[in-house]
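Two complexes, one shared chain (subunit A), two partners (subunit B, subunit C).
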Partner chain A sequence: MVVSVGLLYYCIAYTGYISTLSWDGASPLQQPVGADNFTRMLQDPVFWRALGNTVAFFVVTLIVQVALGILLACLLHSQLYLRTLHKVLIFIPVVLATATTAPVFRQMYAPDGTVNGVLEVVGLGAFAQPWLSNGTAALIIIMSVQIWQSTGIVFVLYYAAIGQIDTEVLEAARLDGAGNLRIIGSIVWPGVRGTTIAIAILTAIGSLKTFDIPFLITGGGPSYATEFLGTMIYRVSVAFSQVGYGAAISVVLLVLAIGTAIIIRVSSTEREKADV
Partner chain B sequence: MKFPATKRRRAIATAMAGGAVLAVALTGCGGGQAAPSDGGSATEGTINWWSWTPTNDVAKGEIAAFNEAYPDIKVIYKKVPIEDYAASLKPALASNDGPDVYTVYNSGAFGAATFAPYATDLTPAVEKMLGEDWESKVYDGGVKAFTIDDRLVAAQYAKAGAGMMWINQGMFDQYNLEPPKTLDEWVSVCKTFRANGLGCFREGMASNGFGADTLHSIMDSFKPGAFADALSGDGKWSDPTVAQSLEMLRTFSDEGILDEGSVGLQQYPDVNNDFLTGKVPMIQMGTWYQQNASLPTLTAALEGAGVPAETPKITLMPMPFPDVAGKGNPSTVFADVDAGNSVNAKSKNIKAATTFAVWLGHSEEGQQAVTNSLDSLATLNGITPQWDKIELVDPERQQPALEEVTKQLTTAKDPRSFGMDAEVSQAIVDAIQAMLISDKSGQDAANDIQAVAEAAKNR
Partner chain C sequence: MFETKTLRSRILLQILLGLIVLPFVFPLIAMVQGSLAGSGWNNYRTVLSLPLLPGFFINSALLSAAVILIVLVCTTMAAFGFSKLHIRAKEVYFWMLMVALTLPGVVLIAPLFATITRIGAYNTLWSVILPVAALQIPFTVLLARNFVDGIPNELVEAARVDGANTIRTFRHVMMPLMKPIMAAVLVLVFINSWNEFLLALLFLQTPEQQTITLVPQFFVGQYNNDQTKVLAAAVLTGLPVVIAYIFLQRFFERGLAAGALK
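Take a look at the complex of A and B:
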């Protein structure tokens, strides 16, 4: 515990210290620059682009994952055939390493890849395009991969949360004539609010830390269309050897992650109080 | 909360033990000095060599040649992907367990200057091998790139050139096409390939460096030496020649020369695999690519690309970059020192590591092994490939063409990327991508590169 927490705070403090340096990460020469790295970051259009992409990524992946997760959890709580198989299929993407799946997605969306091949076969060849060369399409692809990979976790959380809802309440609603959508909207959704808040916090932090999917599939491009704070930190720290600047972005990422988690938690608590 | 005495003692002991472990861990993180060592023997021992180049097969051949001279030095080669190299090397060298020998580039993220503090001075060892006038016997560009603060921090061993295109001769023969020499001919050739369901000129504009080579070639077509001037600071990236050349890249795309989707492609593995498997007839790569003219190397490369062993082997041929500006300027080639081996000052086998680093770059046997692989050009003057020992796919056609490439590069004056800041390299990628997927003007894109170059210079 002492080692774990000590290392954690040491790393944070050390990163904070590095963020005040101009340093290439290897040279013994470390030049103190005060807050220059932070000033530079605020003036860097790539930083704002990365932040914008992160916000869009968070909003879209959260909404779609929550919708899919709750829908799948409800379906699998019903009398569905081969339920165990479905659960396994939904969860498998969670355990697959991005390093192994990224080349598959690159092939799928390549100019002569599977997606365009299928479009040609079904007579929609006019829609075929080099997907990863289109900034908007590339960002949507990155989001879709994240959704594909993370929905399994969201599903498991909702599946467990729905299991905690009193079945008598659900049965009473049925007897009162409530349909599936009404039950989901009026009973299930409020009943899993705590889980949704946890998922929102995890997705927000995950979005801020997003790295492997864009790094391996698009490299942050084209023209920074899929750049995130994680890929930007890697780019400036490794490719540019500007470890001080990378540390400054890391510090901001940490502050944003903690701040976002607090905001989501506080706003949900206030809403709970208001509901009471 | 109050601990009972025994529990309190246990808690204090745990905290102290934790603190001790933490201190040890942090000391480890922070680096430190290597254990004292006499450097071992110069003729025996085991050394670890890290690099992004050459391929495992080529390295195996070079190490085998080294072991003919030094059978008691075991060299363990670790090829690190180029995109991960700087990230892997930094912590390794900061620790006491880094590689004994590590390869550095002429500039950039894993340039000699970046890792110079970890390297020993190899001047005495090189002097011992080549004499006091050693500088006159090797590539001067390498001496310049690897001499940092009057210390020779890496022994150069490989030179790379670029500027030429590479074509699949079989595809050109199949459609009775000649390599294009002008923009119009290039458009016409590509029309034929596309009419037959093939790609034409494919380039991974998502990768660093390759697009810059194409821009360099176009700029030289407009005004020879313009790229070198911008690189050295004698000229500016905002020069109208840069703007014109960037606009030309858009023309390549609009006229069907450049394949669609290039900004989403990586040169490796995407473009490389497409070319080697016969999907596209032409690409732009440097001299390292001529290794695919060698039958054993091409066979290994195809295996690496995951294609069946019986796949026909392409006949790789160099092609001068067409005169796209229509000004009659000849195609140019440009070269740099591509790789040099540094010896880790913390190595416990410094002497054996030095023997290997200096032998590979400064002995005739070592340089012959390097150049016979066709992966790189020799940096020791006078060493050229021994064609009678190299098995080419189509020797009759390939050998004269490859000999000509070697000859041209021996006299190449312009650097490929020596001195280019990593941010400028990225800015060139950004500018090229902007030309291909946005309406930005060539001049605006050129101005952006200049702005980045000035900002980087002032940092």
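Take a look at the complex of A and C:
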């Protein structure tokens, strides 16, 4: 009893300790300047750019991942060939480190890389360009890498959730003449709502945390087009050694993360009550 | 799920599946192909003959093993405690733990850096092991608690009636029942700790201490951006997790399905 509860409390204390660190560790550097760091942040166009990118990143990756995840989960619950092979292939990007795959993407989108090579071969050579130097293209690439990397998780969660839907309901719907799309819309989608909410929260937090992918593939450039809050904190506090300013952004990031999680949670429970 | 009775719909769905999966495979093919470009298998030979490589592997293995151990011990006990023991205000503690779920690692770099240099752990594996483990625990506790909530209370009570104290109940009743979720947690934690990049990049400075995820970066510096060798190194670093995942795939899915976020 003593051992188990002791370790339990140790874990809580340790995590609690870390969660307070983000303020304690930064406050000695922050206090002398008061709220200056925060006003500076509000006037910093790069901060707003990073925030905008983070929001856009969240919306796009969430929609695409949920759509792909549900479609794949439904497909792989059907009687098709090579299901295990497909499952493994979808999940491999999840287990690979961004640090391992980033060089691949840098190479693919390089001026003399695979993508331009393919365009050349299919006769669209005119569209070939140095992709990562184009701001909009670079942002889309970052999003696509994130989608590539985390759809596997979304898929596995949906796959498990759909497995728990009663097959008799599906058969009844089919007897009543519901098509595939109708079944997804009317039975699967409401059936996996809990999973969708959990995924929305995880994706929101994940977008706020985004660091590895932009850092390793574009480094936030060109001219801040792919700057995210995570990379900005790193750049400000490590590269520019302005730990106080970095900590100010961190605090905002933390508030945003907790706020988003609460908003999604609350709005979803309200919807639940309304449904009843 | 989908209608596959007629041959036509079956073929259509099979093609659809293939088309969706294709973009997922494409970068993997590009990766392997790129690693063989130029001097072919010699790229691998160059990477493998690097004297520091075994060190990187051992560091990553040590890091993952330590993180897995810490997380498993804390998670199983915390899940048991939160779910089955009567502790005052345990929901408040649970909620506090869940707040930590939203903590992005990058927020912690400044305070962690200060703490680690103060206690002299800078450039040791511990400086990465402890934060990585601490950052994983909230999520694994959430998963494991959901799972333990599904285990009937009667089992715990029966053990108590038979005279088992809490520790015995935990070891002989809960541990065997928690195996599926522990397997899922193990795979998840292994993937995350093997792939940890940010903290390793910041806190491990000498190549003797660095982990496998820093190898591609190391090669960028070492070989003046020789892409083929970087990609060969990337394939080699990715291989262990892919193999581990393929072997543990079944346990992982079963565990997640059982403990899944509901």
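Rule of thumb we're sticking to: the second predicted complex is superposed on the first by the 245 of 276 C-alpha atoms of A that agree within 3 Å, B and C clash if a C-alpha of one lies under 4 Å from a C-alpha of the other, contacts with A are read in each partner's own complex, and residues count from 1 in each chain.
Heads up, the rule we're going with is that a residue touches a chain if its C-beta (ideal position, glycine included) is under 8 Å from a C-beta of that chain, and two chains touch if they have at least 3 such contacts.
Since this is a predicted model, take the numbers as computed values, not measurements.
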Q) Taking the superposition as given, does A:218 touch the first partner, subunit B, the second, subunit C, both, or neither? A) first
Q: Determine, under the contact definition given at the top, whether A:72 touches first (subunit B), second (subunit C), both, or neither.
A: second
(Q) Between subunit B and subunit C, whom does A:99 touch in the aligned arrangement: first, second, both, or neither? (A) second
Q) Should A:135 be classified as contacting the first partner (subunit B), the second (subunit C), both, or neither? A) first
Q) Who touches more of subunit A, subunit B or subunit C? A) C
Q: Applying the touch criterion given at the start, work out whether A:111 contacts subunit B, subunit C, both or neither, answering first, second, both or neither.
A: first
(Q) Output check: A:254 vs subunit B and subunit C. Expected answer is one of first, second, both, neither. What do you get? (A) second
Q.
Just checking: does A:120 make contact with subunit B only, subunit C only, both, or neither of them? Give me first, second, both or neither.
A. neither
Q) Shared contact residues on subunit A for subunit B and subunit C? A) 1, 3, 7, 10, 22, 24-26, 234, 238
Q: Within their complex, state which residues of subunit A touch subunit C.
A: 1, 3-5, 7-8, 10-12, 14-16, 18-19, 21-22, 24-26, 68, 71-72, 74-81, 84, 86-105, 107-108, 114, 148, 151, 156-157, 159-164, 170, 174, 180, 183, 188, 194-195, 198, 205, 208-209, 211-212, 216, 230, 233-234, 237-238, 243, 246-247, 250, 253-254, 257-258, 261
(Q) If we count contacts the way the header does, which residues on subunit B are in touch with subunit A in the complex? (A) 14-15, 18-19, 21-22, 25-26, 86-87, 90, 93-94, 109, 114-115, 117-118, 199, 206, 208, 259-266, 270, 279, 422-423, 426, 430, 433-434, 436-438, 459
Q. In the complex formed with subunit B, which residues of subunit A make contact?
A. 1-3, 6-7, 10, 22, 24-28, 106, 109-112, 129-135, 138, 218-219, 221-224, 234-235, 238-241
**Q.** Parts of subunit C lying in touch with subunit A, wherever the complex brings them together
**A.** 1-4, 10, 13-14, 16-17, 20-21, 23-25, 27-28, 30-31, 34, 73-74, 77-78, 80-82, 85, 87, 93, 96-97, 99-112, 114-115, 131, 134, 137-138, 141, 165-167, 170, 191, 194-195, 197-198, 202, 213-214, 216-217, 220, 227, 230-231, 234, 237-238, 241-242, 244-246, 249, 252-253, 256-257, 260-262
